[in-house]
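For reference, chains read A, B, C, D, E and F in written order, and residue numbers begin at 1 within each chain.
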């Protein structure tokens, strides 16, 4: 009772604060500040038609590197905890239709994932969504069987390789033009075609591989501890 | 009238955050708290994207429909979108950690009730 | 062109109506399996008609719309089947208005057959 | 898209999201709570598309629909009990 | 495309979505809610394509593509959970 | 290389999907798409399509068109059926689960039958074992239910046998 009351009071106070603060954010008519700068210069600087990808990979590339490290820490912690304290229940057999679908559908879904990663600079998508789509293929394979898929040892290798290549691509910029994660030194190409945007496609591939292998590792750890997945 | 939908998006987002916070504060089952955390996460993401939204404009991706010259008056702000994109992925990784720690804590105390998880108290 | 436009509008309205029917069926049907009937059949045909209508109005989008339709046809019956089987696996949630139940008589509980 | 129409869509989806969010906290069965959370994520994805953020919409759809649901289902299978 | 026509279509799709949503809230068991979620996501896929059509940008269709594929996976995961993970 | 035809047909279909996605015939796109689809086809061992080159013979093409038309007609009927039921004041249902035998060599064909049944009038596949299939009726048919169900299943199975066997 006291718990509900305290919660209600805190939430009401916060709601009042939100109701007071949010209308203060005037509706903007024009882009301002750093957003304006990114939009007006983004195409020329990076050669990427998708300005969101340009911000993630090029302008804020260092932040993204840090963010990938955070993701790595979280997934490593999950896998480590599950390996240290295994809890096991046996998984059940899937129906035949589901098992067959899990054999058939991975190919096109993988193709979608690769498409989103490879076209991150032209169309919506990018390393993060593409990586999660590929990880969900791993999930589909697991849903369609009662055993653990193999690939022991391959996932960590892919993960380390992807992280390493992200860093190395950054250092390539230092070597050539003295700037970490500079993406324009390769030439930006014609915006809107697949070979454009300098380093952006390569870094997207690295991010995608890293995200995919991390989430796949988490699911594999879930499966190894038994249960429903 | 012209900006009603603009403010209703903000209201939805703020409402989600508040509902999520209330759930975190008052629920007892640890997974229910994790679900409430996810809800609050979604609300915060909506609020962030909303802060970069300019009504009447289009997505910040250049193709045939918008010209490169008049782009600054045609697209929404890409910066909050980029931040939210990474925030979503981090959010689910944190939720996974939350659930795994919760499962282990409930194994140790024998119940999923957070009031009985004395080891997690400070 | 005028013909394509008219066809597109007709397809859109019929597709939208069938999708609406699926929602109605989900709400009105008496038990979970009958709800699944409305949920899988009506949404599949409704999506096909609706996306075909969009395709008539925007002919350059047809390839992508075709991919969406292909995926809906491939995936929708599978999820319906998986849910239907899951209901049978949970005795406490199984509807009790069946007039004939060969599956329960065959003693099949799932999981053991290879 | 006219503004009236946009308002109607946003209000519909927003209302559904908040109703569903409250339902997540109050529904008795934890499995139902997980399913309804999935619905909130998918609605959020539609909201992101309405706010002209297709990248975010794709990410939210892929993560909210599959990965988060899967993680919570795993936890539900391990813990049990509805509270 | 006239305004009235657009409103009618949105009414149909949104109405179906709302009905499925009511079932999602009301449903007696988890299975009923899973069925309602399946239907609601498919209707939303069509809604997404329609929004993309009204905005007139073909790239937004990609979102509907991902949405349809992955909502299927989510429902499949729930179904696999329901059909005997706990026994 | 027993799976070579399967891998190649999968790669061909995946390349088609790639072209549909990108809507571009730029050489770079084509080369990238070809490489990606080949890698995915090899990695998934060509499971997406199986060997489709065998299905392209003229005699089989006729059977395929026949099947698709039959299936589309049935699906349309299914929706009219569901619609009529839903719009009545009291929804008329007479549900039941009936067993029917389904003997086919190809796992692919069996799955197509199961999914087709799910999408056609008043029926929903609930379980499929090695030789049998269990069908849920929204409203049990008149007459002998087992005979009617068997007739419905065979309607699909016989048309598919002309394609796959």
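Assume a residue touches a chain if its C-beta (ideal position, glycine included) is under 8 Å from a C-beta of that chain, and two chains touch if they have at least 3 such contacts.
None of these values were measured; they are calculated from a predicted model.
Note on connectivity: the fewest steps through touching chains from chain C to chain D is 2. Counting only chains that touch, the fewest steps needed to get from chain D to chain E is 1. Two chain pairs, B-E and A-F, are compared here, and A-F has more C-beta pairs in contact (counted per touch definition above). Distance from the centre of chain F peaks at B, each centre being the average of the chain's Cα atoms. Centre to centre, using the average C-alpha position, chain A and chain D are separated by 19 Å.
Rounded to whole angstrom units, the spacing between the C-alpha centres of chain C and chain E is 11.
Centroid to centroid, with C-alpha atoms defining each point, chain A and chain B lie 16 Å apart. Across the assembly, chain C contributes 21, 24, 36, 38, 40, 46, 60, 64, 67, 71, 75-76, 78, 80-82, 85, 110-111, 113 as residues in contact with two or more other chains. Within chain B, residues 22, 26, 58-61, 63, 75, 81, 85, 88-89, 96, 100, 103, 107 each touch two or more of the remaining chains.
Residues of chain E found to touch two or more other chains are 17-18, 29-30, 34, 55, 58-60, 62-63, 65-66, 69-70, 73, 76-86.
By the touch criterion stated above, chain A contacts chain C in their complex at residues 92-93, 95, 97-98, 101, 104-105, 108.
Interface residues of chain B, counted against chain A in their complex, comprise 3, 6-7, 10, 14, 17-18, 21-22, 25-26, 51-52, 54-55, 59-63, 68, 71-73, 75, 77-79, 81-82, 85-86, 88-90, 93-94, 96-97, 100-101, 103-104, 107.
Against chain F, in their complex, chain C makes its touches with residues 18, 21, 24-25, 28-31, 33-34, 36-38, 40-42, 44-46, 60, 63-64, 66-67, 76-78, 80-81, 84-85, 88, 95, 97-104, 106, 108, 110, 113.
Residues 53-55, 57-59, 62-63, 66-67, 70-71, 73-74, 76-78 of chain D touch chain A in their complex. Here chain E touches chain B in the complex through residues 55-60, going by the rule given at the top.
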